[in-house]
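All chains are identified by letter, namely A, B, C and D, in their written order; residue positions are counted from 1 within each chain.
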Amino acid sequence: MDIKNKEFMLIGGLLVVVAGLMAFFPSLSDSDTAVDWISIPLVGFPIIVSCILLAFASQESRARKKIIAVPIRLFTLCASLIPLAISTALFFDWLILVDWDLMYNEFALEKEYVWIESIGVSWHVGMDGLSFPMVWLTSFLVPVTIITTWNEKDGATYHPLLLMMGGALIGVFVSLDLFLFYVFWELTLIPMFFLILKWGGKDRRYAAQKFFIYTFCASVIMLLGLITLYFLQPEGSGSQYGSVTGRTFDMTVLFSNATAYNMGDNVFLGEDMQNILFAMLMLGFLVKLPAVPFHTWLPDAHVQAPTGGSMLLAGVMLKMGAYGMLRLPIAIFPDAVVFYQDIIMAIGLISLVWGAVVCLGQTNLKRMVAYSSVSHMGVILLGIASMQPIGYAAALFMMFAHGIISPMLFAVCGAFKHHYHSMEIGSMRGMAKWSPYLAVYMMFAWMASLGLPLLAGFVAELMVLIAYWPEYGWWILLPGFVLAITAAYYLWSMQRTIFEGGDEGQPPESLNGETPPDITLSENIGMIILAIFTVIFGIFPFIALGMMDQWTVAFFEGVFNSGGI
Amino acid sequence: MIDPAWVSGLAAVLFIIGLWGAFSRKNAIVVLMCIELMLNAVNLQFVAAASHWGDVTGWVYAVFAIAIAAAEVAIGLAIFLSMYGQHETISLDEVNLLKN
Amino acid sequence: MSESGIIDYAVLIPLLPMLAFPVILFLGKLFNGTPTWVKNVKEGGIIALTVMGASLILALLVIKEHMHHVGTANIFTWFESSWWNSETGAITTKVFGVGIHIDHLTVMLLFVAAFLCFLINVFSIGYMNTDPINDNRNHRFYAEFVLFCSGMLGMVLADSFLWLFIFWELMGLCSYLLIGFYYERPSASYAAKKAFLTTRVGDVFLVIGLVMLWNLFDGHLDYAYVFNQENIAAVNSGELQIALGMMFIGAVGKSAQFPLHVWLPDAMEGPTPVSALIHAATMVNAGLYLVARMFPFFSGAELGALSTLAIVIACIGGITAVMAALIAFVQMDLKKVLAYSTMSQLAYIFTGLGSALWFANNGYEELAAFAMGASLFHLFNHAMAKGMLFMASGSVIHEMHHAHHEVAHHDDDHHDDHDDHFDAQSMENMGGLASRMPITATAMFVGSMSIIGIPLIGGFWSKEGIIASAWQVALKEPIFLLPALLVLIGAGMTGFYMSRMWFMTFAGKPKTEVAEHVHEQTAWIPIPLVTLTFMTLGAIILAGMHAGHWLGDFDDGHYTNFFDGVGSEMEHVFLNHDPFLMVLTYVAIGLSLVLGPSFAMALYGGSLDKGQKAKPWMQWAINLSAKINKKSKFDNSEWANSSLAESLHKRLHFDDIYDAAVMKIVVGFANLSAIFDSKFIDGAIKAIESTSQNASRRVRALTTGSARDYIMMTALGTLVIFILLWGVA
Amino acid sequence: MNTEVFSIDFWKAFAPETILIVGLILIFIIPNLGNSKFRIPLTKIQVPWFLGGRRFKATGSPAIPGMLATATLFTAVGMMIIETINGNMDTTTVTSGGIVILQVDNFSRFFEILFLVAVLLASMASLDRIPANTFEGKKSLEEMYDNRRQADFYILMLTTAIGMCVVALAQDMFVLFVGLELASLATYVLVGFHKESKSGAESGVKYFIVGSVASGIGLYGLSLLYLEFGSLQLSTLAANWGDASALGPIALGLVLVGFGFKISAAPFHFAAPDAYSGANSPVAGVLATASKAMGMIGLIRVLLVVALPEADSDGSAIWLYTLATLSVITMTWGNIAALGSTNPKRMLAYSSVAHAGYMMAALTAVGAWKWGNVEAPGDYAEAIVAAVLFHLFVLVAFKLGAFLVLGLLEMEGGASRLSALSGLARRDPLIGTAMFIFMLALAGVPPLAGFMSKFLVIAGIVSTSVGDLWMNGTVSFSELHWVWWLALAMFINSAISVFYYLRIGVIMFLDVPEEGRRKPLPYGASIRMAIWICLVATIILGLSGDTLIDMCYRAAESLNLA
């Protein structure tokens, strides 16, 4: 690339940064003096850093790219550790004392800067018991993903994309403004789209587009719901309110409006209005989750996505759907929740059962794991349909636990693809002989995913079942049936890949007779970190569950008790 | 004096003939003539309306419309010429490289 | 009511092995193949032995301390959960903790578990480390083994049903790993999967049962709360029965009872006798433990409300007892005979527990205590005897292997060839080993006698108790006649198949060349055998301690005078004041001692080779068998070829049916679903895409390229606008 | 402030437009400066006359007209921005003989800025796209052609700009139409400018023919309006609209056709894809942005200023259903057609049809005007108009940007197949990324300007459909005005549109460059600069559009709808 382009790039990079700063923090100075721990360190920093790295790397020649990949990788890793360090420190009160025991509609570390004044958009961020675990999870998964996929080709652009993804995901979880929320919601699609498109498998063209379009379609419907909701709110005046529209996108205002209206026997908006808006918002979230029958983008995206992409996709991106449900429609429309309770349950149950049954019919390892995600996400819906704090806490914990376990599942799948160039379940046998480490991690991840006690997934599943029984009684047999099916497909896939095969094993044909290698050191490190945390949260679930339980209690106090059901 | 309504009616007829001709004829020049017909209908209409209202602006409008029509003819013929240079035809039906 | 003392350290009993699991695994991975690791640490065996020893010592200390009173300790809060009352809006928070609960039941199981695990560890150092096939992977075995022990000990010590279940699942995992230890063998891999899945089916119901129980008891599963009689009285006993029934299905799966028994014999196909031993002697007790744990519910609930469940438990037990014994008749594989025997004996215990629960629920406290005691005592006896039998069988198989290697080595040079078809486990290849393996033969002899219920030896005491209890219930509740009759018949059948096994293996002439070269080698194997032999024989002492009255009289302690105890126990058994029970006793003895063994001797007895002599305490039996065998000329070939025998060989077709059901229905449905998913659900999405592409083609075809058409469309559009404007206006 | 034509105040108010005209004249003159002398008749005195003869080397450079045009446009647009940006600009009305001809206010200035920015960017891009070559050395025929027509091209560009400015300023329907014709006639030529190619000539013909018919129909509509009301003054028409006879709607429909062609609404859009694909990319960009905005001015004037019922009346505009139908047809048609299009320029053309549909949907919502639950319809109308203006403005950023990227590709060959774009991101990551961002903006992905504009439009529609219902507390869904469904239609359509926008991205990032396009892109400093400006505007207006939104609001307010 000639020198002139670099000038463009430099100017452009500078402009982007300046624009970003100007746009995001116009009133940084006149807010109160407390340090903003969220905006820049958790959200802005990863995104800006990755943008700069991408701009930098994209200008280099192919040969130079290989050379600069290593320093960029290292730099990305270091950069990704900063959000992790900060979110961890916030949890343990190392930086400042954070009171996580919040009432409904109270947020810790809340910050608000006016952004687009005319329509009442503000950069409003904050965290509570619902979002903080997700924020931590994201900041934790990004470095782990980077480590696990250390050797991915074209790392100079790959790893910055992961970092950007992390920043955008955290942005979704911390935003307390509907507009901001939607912006980040869509922003997550772009790095993922590129991850699939540039590092994906054979059908990546199809998968990347399907992923993008499918989820985009759903979220525009959601956006229409949000806009309608926006205009149905009473006008007000204040810095959050739009100078032109007189309404605000501020979620906290929305929540307090909804709560105030729902008080007593009243209903926020009309009943059919509630139901329709609830359905519109839920549609967006259900597709993201994904729930059957909106799930078919997921297997395609997963199978084609590179390992790192899958890890973040399954680990955090799917949870955005569940997070959104709990944050918006359920919080705002408690009466609609009651109205739709059985339908939510049915969708959850169908997802659960269908996902598991289809898993059993898959022959591709990664496809199977992808469907298992569908199945596990159904559990979250069951928790929500239970209408009990324990069910909600279970859903939250499921999000969290699945967020740790599923990256490991996909890391294992990725290792298969990376080292054996095959993810067909039947194409190899006895790989434990050749890759003992991989076999151990596979076993571990599979067991964790099928809900083995003392690993993170179990508590969530158990709590969901506990919450489910009093509401739906003998329907519980279906989730129970799924527990067995889940075990069946996982064990079946292990039996046909890492086991059997005689003394020498049967490496897949795609290796062309080469000796099958074991996983690399970086994969090893990444997976063992995930494994350790799976065990930690399995044995000591209260670390995360305590906060979640507090949140659900506050949520029920604030939403359903004042909702006057 | 002729009732302006008659003139208007004539204008309408002219207009419809022009429009009809514009899409029923293949020859570009004829189509251009049909367009001129439409513009002439407009002129007639303006003049008729001006006399109906006793307002001088209508005539001014008509003059301007004539100017526009003249410019249009000039540009149109130039464009047709360049088309003929390339396609060696002025039949509109045969000029359809760009479609779909 | 937490107290300080040794119980504070009780948590270490499961914790130590659990911590040893990663240690052994990683050390093994690091030092694999180095001489120190192989020779001195025995590839992790010594580490395992150390922690198991420590656990055993701790366990003994705990047992000593808590022989007489219940101890509990809270460790930490596991999670909190909140419930919302939609009527009142009240939100209550339930705390669920982790803790330790030690009572009589725990003490007994804890001893069995810790003791057996330790012995198994000793045995496996002898067994595993001498087989070249295990080189460089023994550390995996020991790691999985200690994790398994951790599960077993944790399950026993847990203070709630939930933690019981958690450790129960942990054991399930380890059993999966151990059965599939030789993962490269398809049979092992298959058996492992089968074991896990079959027990998983039970576990699903167990979880559902737990969930129901949780809701019944207002968010509590800890024994301290749920066993509180007031709390039990407060719940709906109908629902309680269903919940307990669900949990019982879990126990059925874990303890390999009909109809979820199919995994246990296959688990024996897993090629390590050690893992087989672990399953048969220890893990299967988990189901029994769970059912025994339910006792307070039955005594606390409404009279008679739960008796249906008690009957079901007993019936399942009775059916399994006879079914397993029947299948054991035709087994040739040494370990499989033992496996079926395990199933059958566990079934006895279930029947005993069923009777105990029935009594408890119908207000017969004394009888309930007796039945319960008998059942638990049988559990103890069976665990000891069966542990010994498995070790002995392992010893036999191990030596057979070695002998086979020697023989094969002499014959040709393919000494590392594992692919030949010699089956070291088949009894058809054995015979006459009594003189060549004296210690093993003795152990096997004593163990078999204990299982059969030869008077005064181990299992006799408890088995009589169970049969008596079952019949006593049957007198009050006619449906109970079914299990009562079945266990009585089963006693005779036990006599047959156990004797058959012993005689086929140890008596008669060696059936193969290999069997002639067998001799005992390692020092590690006999130690546990001898220990257990004495434990089995010593059961009489426990009997004297009124182990049979364990449950009811736990706090008083009846064992002050040992000889009085033995005497009264003997009197109780042989000269019962109730004539019915006395007759029953003799019928049972007759069946198990005379009828069964006689048939076995007649069929499989025979004297040893010339010059070979067994130890005197076995020689008489061999001689007797040779005599009976000669005299009777009993021919069972017609029966052996019958269709019944055929289906017994096929394990009464259960496996086939289950396999067919799973493969045809479940997998078939799954495959159809996968097709449906991609063809229809995803197909709908694709159809939208292709439809819109088609539409696009059509719409673009309207842009014909001809300017005239465009003008016409413009004119048409003008018309449309008119119509719309006029239509509205 | 009221002024007469050519008074002092007039020149003050119309300084930027004057500069344009001066610039135009300069482009006529400067290249023709030479050493020619004029001999005074009957004498031998030769007075230097400077026009013609042997051209001076300095002024005769073929690069001069482009520079001049760019500088003129830049100055004019700069003056306008400085005048408008602070928000307190005066309204100047030009009257002549009691007839209001032009009016400078926020609305007209807004559009003038829009037009001039678009033309400025296009002419910047054309500096490279139709490069001027020095006279030294041997030139190919093509290069000679390019040199010859430098002045023609920029004259036409400036003429277009001036015509558009007149449209923006006009207060009389006929003046508006004259401006429209001025701009149109210039664009007809611009479309067919590349007359050495078959497609260039063909596209010119088609655009001309269909455009002439459409403007003929529109003009006829005007004459009917005049017949009905006796005046074409906007204020008069608006005041008397309520008393119109049946001729009113007929005239309205005909005028609608004239403007419908300009904004390329279905079914008057057919010539647009052909014209865009045959024309130079920068010109096509101007057609898709500025020309469309010009049509929108007409629609706003006719529909909102003239044909809206009085604010104190009850009920919605007469054209409500008509426009709703047309908008839905237009957006769906555009998107569906674009879906399978394999020519990027045609695809962009169809997408611009779809965008026209979106804006028509917004106008429809204004037409709902004063239904039961709207107390102050002006507020809602202003919000929607502001949204439309915002949309039109940001379209200049990303739609023109996309065309300019295609223009860059045209410099090394054609850009009429999707494969021309393949591997673009690999060949030039910056341009590839810019194009992708333009595509995302077109699709309406946040946080880009395209999202913001679509968002505002939909918000406007929804706000009208909700009206003052929120005051009731409990709102039933059935109480909403049906224009809410237009918002849904828009969303569904923009969801469809993602498909083809994304395809461009996939092609750029995934595919291998086609044969003959392996080398780096041609450089072209000014076209890249133009692209770069578009890119930055796309991002910044998405992130922080407040200033622009305020401008749009002020512009909408100056329409005095309520």
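In this text, a residue touches a chain if its C-beta (ideal position, glycine included) is under 8 Å from a C-beta of that chain, and two chains touch if they have at least 3 such contacts.
These numbers were taken from a predicted model, which means no experiment stands behind them.
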Most central chain, Cα average position: A
Which of B-D and A-C has more C-beta contact pairs: A-C
Chain of greatest Cα-centre distance to subunit D: C
Centre-to-centre distance between subunit D and subunit A (centres being mean Cα positions), rounded to whole Å: 42
Inter-chain centre distance, subunit B versus subunit D - centres from mean C-alpha coordinates, in Å: 25
Separation of mean Cα positions, subunit B and subunit A [Å, integer]: 63
Residues of subunit B engaged with two or more neighbouring chains: 19, 22, 31, 92, 95-100
Overlap residues in subunit D, where contacts from two or more other chains coincide: 205-206, 209, 213, 217, 273-274, 341, 499
Chains grouped in pairs wherever the two touch, ordered by label: A-C, A-D, B-C, B-D, C-D
In the complex, subunit C residues that touch subunit D: 689, 692-693, 695-697, 699-700, 702-703, 705, 707, 709-711, 713-714, 716-718, 720-722, 724-729
Residues of subunit C that touch subunit A when the two form their complex: 29, 76-84, 86, 89, 91, 93-94, 162, 165-167, 169-170, 173, 176-177, 180, 183-186, 189-190, 192-193, 196-197, 200-201, 203-205, 207-208, 210-212, 214-215, 662, 666-667, 669-675, 677-678, 681-682, 685
Parts of subunit C lying in touch with subunit B, wherever the complex brings them together: 700-701, 703-709, 711-712, 715
Footprint of subunit D on subunit A - complex, ascending: 1-2, 4-5, 8-9, 11-12, 15-16, 19-20, 22-24, 26, 58-59, 115-119, 182-183, 186-187, 189-190, 193-194, 197-198, 204-205, 208-209, 212-213, 216-217, 220-221, 223-224, 227-228, 230-235, 244-245, 261, 266-267, 269-273, 276
Complex contact set, residues of subunit A against subunit C: 210, 214, 292-293, 295-297, 300, 354, 357-362, 387-390, 393, 430, 432-433, 436, 443, 447, 452-454, 458-459, 462-463, 465-466, 468-470, 476-477, 480-481, 483-485, 487-489, 491-492, 495, 498-503, 505, 540-542, 545-546, 549, 552-553, 556-557, 560-561, 565
